[in-house]
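As written, the chains take the letters A, B, C and D, and residue 1 is the first residue of each chain.
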């Protein structure tokens, strides 16, 4: 199966530059993981900085990672000179985010000229296994 | 107009304890602002740690604050011994989050025995004015 | 308090025409209720055609009404020749929809040039009282 | 791959009974399509009764079908004597719903004891091809 074709030959560098200019990613220790056209994943350790009152990773970490992964997936399919901003995003939390790290995988579901529909799954990595902790569904504007 | 009656006489202390045990709040410099039964607001400065690639506060900060404000609003109406976890949350972004600080105001819309429906508005404070940057609508489980 | 100013002097007629050309509204007996710039409500009787397995009005009726009310509210603020399509919509159900009729009130929260953010409340009318049965939050594209 | 195991040996009959008692399904000509544990699809013709002002099937039809398919998928995994009600539901519209019929496929993503997280895809059938017109993500309460 082949995915959608990027319209910017430098899409990888564009994503790396946008990601690198995002201070929130550094502050939450989120890094780029894997990229292909229409699908980007990001990863972050679950540290003592990002837990909530039950000791799990805060939903805000899962949201931030999933929003970013979806945005980067959208960046992989736009033209040079265009940018992406989130219109809206929904997250459903499926299980406590417990483990060593979270990985958020963002996917483009439909790349319109003005609106790109995306989804993400966020998984927790613990002792070599992974568990889905959140599902997301959102819209990005092409600007 | 009178709001809903708290069922825990120590609801303020309960919220303060839950909030204080939440490391993510400290890491993002989010603090409790105002509390009344069914309505809690939180506040955070927009620092160089929390911006995204356009220089605005990251949507993840607005989400984290709004999710927390809604959770704390839900905590104000539950019984001693009960807790709150987010089931799901949606955020619509209305405007770039630019300014000195963000304030997220969470409100209980319906307090069921098992599910509490909440909403939030997130505003940016800039030069003495405030602008709505996000609206949220979500569900909390009573556990 | 004054609301936003319509940019189409014939906005009322535009809404009436769009509404009249919508067969789903007739099939579900939904009618226009009240209109002002940025705020439109619609109404429908709860008949034996629209109930679900518990005997309440189906969530699909509340959704269809609330989506339409938000779309019509968006129509009230666009320019002549423009149209509105729903990008996405979320509904939280607060209480069973029981009674003689439902009313959905749609409001524009932010009217951007390309995306209009809207919300709605849906209430059930029963024996002269009204009860909120659903809250909605969505995005409309200006086309 | 094997799916989740039903906890009600009569789950098929339970779904058929619940579906048959749902007047809104008859009014919109929605019928049960396929069922397996955790996955149920429903189908409806696109008739002149269910179009909107652009002549496409109304988003309310896609929502009603997707909500129902997700609810029925949840019914396939609960115990005898339990029921399902929708807590909340989000729909993203990807393309105009044009064609002869819509099919909504609902899936259980996580079956908790009290909350079941579900998703759906809604496709339009036209001249022997199918096109995704909507994606949904929601929560069901077990009652």
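FYI, a residue touches a chain if its C-beta (ideal position, glycine included) is under 8 Å from a C-beta of that chain, and two chains touch if they have at least 3 such contacts.
The shown structure was predicted, so the numbers you read here are calculated from the model rather than taken from an experiment.
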**Report entry** Pair of chains joined by more contacts [C-beta pairs], A-D or B-D
**Finding:** A-D
Query - Chain of greatest Cα-centre distance to subunit C - result: A
Query raised in the report: How far is the middle of subunit C from the middle of subunit D, if each middle is the mean of its Cα atoms, in Å?
Result: 23
Query raised in the report: Which whole number of Å gives the spacing of the CA centres of subunit B and subunit D?
Result: 33
Query - Between subunit A and subunit D, centroid-to-centroid distance (C-alpha), Å - result: 28
Query raised in the report: Residues of subunit D touching 2+ other chains?
Result: 87-88, 90, 92, 139
Report task. Please name which positions on subunit A make contact with subunit B in the complex. Result -> 18-19, 21-24, 26-28, 48-54, 58-61, 63-64, 67-68, 83, 85-93
Report task. Mind listing the subunit D positions that touch subunit B in their complex? Result -> 87-88, 90, 114-115, 139, 141
Query raised in the report: Within the complex, which stretch of subunit A touches subunit D?
Result: 90, 92, 94-95, 109-110, 117, 119, 132, 135-139
